[in-house]
Amino acid sequence: MHGISVDTLLYGLGIAASVVCGATGVLEAGRKHIDLFGAITAGIAASLGGGTVRDLLLDRKVFWIADQTYLIATIAAAVMTFFLARRWRLPAKLFLLPDAMGLALFTVVGTQIGLQFQTPWLVASLMGVITGVFGGLLRDVLANEMPLVFTSELYATAAWLGAVAMIVMQELGLGYVASSFLGMGVVILIRLAAIRWHITLPSLKTGNS
Amino acid sequence: MHGISVDTLLYGLGIAASVVCGATGVLEAGRKHIDLFGAITAGIAASLGGGTVRDLLLDRKVFWIADQTYLIATIAAAVMTFFLARRWRLPAKLFLLPDAMGLALFTVVGTQIGLQFQTPWLVASLMGVITGVFGGLLRDVLANEMPLVFTSELYATAAWLGAVAMIVMQELGLGYVASSFLGMGVVILIRLAAIRWHITLPSLKTGNS
Amino acid sequence: MHGISVDTLLYGLGIAASVVCGATGVLEAGRKHIDLFGAITAGIAASLGGGTVRDLLLDRKVFWIADQTYLIATIAAAVMTFFLARRWRLPAKLFLLPDAMGLALFTVVGTQIGLQFQTPWLVASLMGVITGVFGGLLRDVLANEMPLVFTSELYATAAWLGAVAMIVMQELGLGYVASSFLGMGVVILIRLAAIRWHITLPSLKTGNS
């Protein structure tokens, strides 16, 4: 990384992940009938929702209010996806890899923030999961759908295992940067393996509905 | 405004808007089967939800916790509407004009608060939209319905354009009061015109549900 | 209470109530098809959601971030219930009494915190209701169901009357401990009586769905 600091790299990756989540948020919400405002709202929820919940829980300045680049990137991605999806059928599969990378990045950033705020390790790993996963959950709640993360292949589990791996390695003395990239690798590998071989968590249906 | 300050006027309008939103919240939620507690919750969500989300995002004291007049007015309106609606069929149309006025007022107040907190202009306009629109969105999420604001005639769009108009005029040197009333005028005119001529945003249905 | 302080007692009751809510959260959400992550999320929402909303509204440190015992107890209860419910059909009735006790405890704790933060009495009683009731509401919103509390027997009403009874007795000079136990008694008695005789609030269906 000649001349580019790690912080600049993570910031750029964060903006890129916001763009991806903004786009997939529109595609997911678009399975229901929504208008342009609904699409932008779904994109913002998917992209910025997880970090917002994390910041509120930690009583931290909400990240996209201090720096509106995230907001502009997300809205631009949502609007472009909206008009592209009205013309062409965008296959959600296109986004599987970028989405896994976004999940990994958001999880690692969220976990680091939790550790910075001196939360206990389980809470810190949960901050990672919330940052990575709650955006999609909010998007589905707004679109009045059963959250996809409750049934998809090891989505939150991959995030949590990556967060725990990162925390453990940091405890063992590994540096901030190396443990972050290791955590991201764990998330991406588990998620892609789970999609490839259809690995899911055990599930429940009590049936007294 | 002889003898009445602008702040008193805005405060009075705010209470009036809370009453209107509390009433319409009950009517909207009542399309599902709800009990009196559900009605009060829906009324509170519709009336105070947008401002609450704004205050949480800005890390500002939640407005109805400092001054419980908003809460009392909203609950009174919700309870009265509940019992009236059990007897008579209240046409939702009755509330279209007061609702547009409430939207306008909440939007302008929310935008002003965003500006006071030194947020960037896009965030400030979003605070206006959130204050004006998120109450109805929360109400629909609680009642397990697809949010009306995702499909209705230029609801959030009217709010956003009013917020932007207000910010632009204030940048150009127009005073606080004049720009607020101009912003409200923009919201009301666009919203009523959109209802009259059934103007909606473009919409999307990807159909891979 | 020889040798055990009231604070220790309330803390222990709080953990116990978290366990009960974590378990019932899984059973309720399990009426839909959910995986283990969905079950844990539903358990956490049901158990910690009400207190979290209260702490955010009062700008108070979120209780389970400071002390992760609540989180661990809730997750353990959710995981155990998940695997038990996959084997056996756990009747929800089993939990009616513990659930009423949890509701009573959460309500009283929430109201006390509201009073400590010098909120007006109506807001303080609402903090009690939010602490007691919003967990179940969040759980149902996440599971894309109409909230049970909007139709069940005097659930929120019992909480509110208990909170008001506690506040009134404290105003009249009754001590902190005595008024807390009186408030809890009011909640439990009203809730159990309402279940026994199927007492519900009046309800509404406007029918213009």
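The letters A, B and C name the chains in turn, as written, and every chain counts its residues from 1.
Methods note: contacts are C-beta pairs under 8 Å (C-beta built on N, C-alpha and C of every residue); 3 or more make two chains touch, one makes a residue touch a chain.
Note that this is a predicted model, so its numbers are computed, not measured.
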* Are the two sides of the subunit B and subunit C contact the same residues or different ones, given that same means over half of the numbers occur on both copies? -> different
* Asked: Rounded to the nearest 5 degrees, what is the angle of the rotation relating the C-alpha atoms of subunit A to those of subunit B?
  -> 120
* State, to the nearest whole Å, the distance from the C-alpha centre of subunit B to the C-alpha centre of subunit C. => 30
* **subunit C: positions in contact with at least two other chains** => 56, 59, 141, 144
* Hey, which residues of subunit C end up touching subunit B in the complex? -> 56-59, 119-120, 122-123, 126, 137, 140-141, 144-147, 149-151, 155-157, 200-209
* In their shared complex, at which residues does subunit A touch subunit B? -> 26-27, 30-39, 41, 52, 56, 59, 61-62, 64-65, 68, 71-72, 82-83, 85-86, 89-90, 92, 141-144
